[in-house]
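Naming follows writing order (A, B, C and D), and every chain is counted from residue 1.
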């Protein structure tokens, strides 16, 4: 089970839930399951099309097909820019 | 000085060879985009808005088109409108204004003519009718109800309820953890303040330039100055509505970028002009255009409150952070929120960020974008806590220092990071251990930057004489070719000068993201290493053919194939490449990857300043910077990045700012009054390379390009306080502002 | 309007070019003579990237009207090496990693040459002030200043050896 | 635009007289940026640097004659001139980078008529005269009478400055110039201050002049500040009075480079420091 954490902004869409466990092998599956749990969240996370994800601290941009290891800690974070 | 955590014995990595592209640069032969001249080439000129905010009522180009030498005139109408959800929609509207101009300098039309004079004269002859609109330049004013609205289709996202009215506030971001009420209740010391910074420019010395040559076949070749030519290709294709296959982009040498050349301004215009005229077109910005029309980094207003227990442990943080985005929304406040307290472990915090559009050029990344303003607030207040508790500012930071496994404020757990090592390096430095000279003030600050990975490609070809060509897709903005050659030399075991590192165009190397986020040596370096490792496997196979044995009997070490059982004399790389034609053909390998695990970067800096109490002039007397490089591939250029970042940070802190008049027109669009540091403004910048290897890179590399610009602002502000007793929370720390603060301090009985 | 014909010496060779009277010498050097070493960073004399020597004097070629070059002797970055032998400044810039993007480098080399021609043994402060008209945004000047001092030392040593 | 390089004052005067839309220049360090900023090109740009009299720097019967088009690097390289008017030479050496110094001239610095021109306050405290050539021949006018406002001069059509005349200062005299810029080089003065002080053998001030730049539409002299020094030793009390009088005399504006408050405050500080520096030189015999 992946432990999914939500930022304060994202918690508006989870009814205040700060973290939840989801059984998902990929980010795509995770997003599908989160949408079932929290309708509307997928659109929010997709809003920038480039929402990044941190899986066990490793930041991955554009992660749709990314595998999620068992018991991974997952954060949805802002897309990063840089100079 | 180099502090090493652990370091295998490298032969090339960590050495300081003369860079391969250096000779051309010292003899004046290096070719930058503005240096290219093609037969039949036309010169372009862009007409720009004189107004900060206006509706375009009409554009009449007839007179311009009739002028001698004029071959093409284009306006916004020549570019397809992109749908509202297209990620490049704002780019195209920034490139060429459509219904409205949103800042002074916004492009309106462009001309190509047979000479620069003719093009300039024709641009002047284009008649534009404007309906001037009220403008807004200030964050607080733009956020207030009733402010002039830049866009009627921007509604604030991230609010608790959907807004019904459009706003200049594009987005609200929020990060929250723990219980801040309790955190502040637990604090023995609470400090707070509002920090204000102005827009500042990247200030690269080479203005934007490109040449586009569009052929009868509808294909175009672009030579340009860019941090990422693949992005130039994709953005140009999007602006023109073209298939990317029609566009080839050749990277010229780039004369500085620092984030400012991660987007495009000229290329689609040059292509459109060239397509219309049927001739090559060169577009080169003037310095004034660079200031008026290309991305500065945002101005900001940040309100921060920190609480700390009497032992110095920070118990709570509350931040309200508003960043300008310029004329279109950007991610700047969000990044600021993610950085603001990252060098500290804080259990209770609430961080809110607001992106605010204003009538200024669209903001673009500038070296660790958004982090320096955030650090100004955080590290000034941390300094205040240290003083209130009578603690050493480095010991206070060590007490609150995160390390691997702690949770970063923006969510994930920290991997192995080198902040503690940087703090200790500064604490133990000669600079910090010696007392400041009488009358000098000392300031310390730390800084964080994410660093990013992204996509990179590399092709390594072995030549018949045993040399190698390394082709990557990363424009070299600070010596990365030398780093690529060093990593390839280390892998292949051949001399670094037997390797020719090349930046390939969009048709000779695989897709590579922009040189940004301190990623080139990290990510593109990974691709180079991967390709070299593939080559070594191939070389072993070829040796096996030559020895008529199984390839698993062959190992590669120290630049040669060795037979494990010792039945054959080792074969040097050149001996194998010489036979390549007979053992299976040329030897080459390509690697393309999405680099993961860019190690976060930290820097800690200390500076001593003197302040003329009667005039408010600040002189930087001494400066030391420590930064975790993971592994320094080419220490000269690591130091160069550290020193360059510090110098830019000093300029930002002391003198740089966008100044506008009441009409929203920039008043200082030149190097005379936009005051970047000159050689006599700075002392030597002492560097301490800290090496805490990044476990995710084969050589332990972390990006080094950006984080150096983060600490200088608070370090200098803290040093000015130490020297004068005046706390200044607004940039720049220019003589008038410093003198006013000193005068106010005196008035307060100080 | 007919163009002005200008005759001068550039990097030791006789040269001539046509220009409009209002053209900057920088543009004539680049567009007419094909000498692309001098760069335009500002066009207003504030950045030094276009530095050249004109009759031995350091100038921003963007501030010189092209016809002013008539009869003068001009040295650009392309002319400071002795054939294939780099000027000590060029060699020291390479070895001292005094360049990153390199676009300001030609101007720095010419300005530093002007300094060492008149003051062969400058202090760090003298180097910093002499180069204050040349902007570099990449390096923070540290390695540039060190490289100029190193070149001065190399040249002094060369002179002493020649004297022996 | 045409370019002309006359080799005599008469030839230059004739050119100016026959070409209606002509303009003289020396270093063009102000002209070129103005043209780039969109100011219309003159019909003829008349280069004064080829006229020997305009580029020579020499002392003649106790009077320095400084060619209006002489590059300031020729002034800073002139040891005898530096010994006589160190403040003026120092100010000349502040006008831009080494590159600029090889082109910029006192004539250009004066006639561009910026209130922030560095060389003008020291020219005023040294009561420099300007020789002006024009269709009616040559006339000699006080430098102080030439600038009339930002970008405006009292020169008549067809006139230009040929040279500056500065009498060799009497013994016990020295000048000084200080300016405030945010950086260490390359900036325009936010405030500038020049002083010339003559001390008698006892260290008492017998003559004084103070001028301020960038605090009024033209460079101004401040008799109220210098007058109080006469008959006094240059001590802390006298310097405080100079500072107060200089600040009071300043009537600056707010602009991108500085504020009214700041300029007024710093005008006093720099005036005081310039007086102290000039007096120090006069005392040490660093003057002529």
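Everything below uses one rule, namely that a residue touches a chain if its C-beta (ideal position, glycine included) is under 8 Å from a C-beta of that chain, and two chains touch if they have at least 3 such contacts.
None of these values were measured; they are calculated from a predicted model.
Q: Could you tell me which two chains share the largest number of C-beta contact pairs?
A: Answer by contact count: the chains B-C.
Q: Using Cα averages as centroids, what's the distance between chain C and chain D in whole Å?
A: So the centre of chain C lies 29 Å away from the centre of chain D.
Q: Can you check how far apart chain A and chain C are, centre to centre, with Cα atoms defining each centre and the answer in Å?
A: 56
Q: Would you mind listing the residues of chain B that make contact with two or more other chains?
A: Answer for chain B, listing residues that touch two or more other chains: 202, 257-258, 286, 670-672, 677-678, 680.
Q: What parts of chain C, by residue number, touch at least two of the other chains?
A: Touching at least two other chains: 20, 43-44, 46, 129, 132-134.
Q: For each chain, which other chains does it touch, given as pairs?
A: By the stated definition, chains touch in these pairs: A-B, B-C, B-D, C-D.
Q: Which residues of chain D touch chain B in their complex?
A: Residue list for chain D touching chain B: 33, 36-37, 180, 182-188, 190, 256-259, 261-262, 265-266, 269-270.
Q: Considering only the defined contacts, which chain C positions touch chain D in the complex?
A: 4, 20-22, 24, 43-46, 48, 51, 57-60, 62-65, 67-68, 70, 111, 114-115, 129-130, 132-134
Q: Could you pull out which chain A residues touch chain B in their complex?
A: Touching chain B from chain A are residues 5, 7-9, 11-12, 47, 49-50, 54, 56-61, 73, 75-83.
Q: Inside the complex, what are the residues of chain B that reach chain D?
A: Per the stated touch rule, the residues are 286, 288, 614-617, 654-655, 659, 667-668, 670-673, 675, 677-678, 680-681, 734-736, 739-740, 743.
Q: Report the residues of chain B in contact with chain A in the complex, numbered from low to high.
A: Counting only chain B, the residues touching chain A are 87, 157-158, 160, 172-176, 202, 257-260, 262, 331, 334-335, 338, 350, 365-369, 410-415, 449-454, 516-519, 594, 596-598, 696, 705-706.
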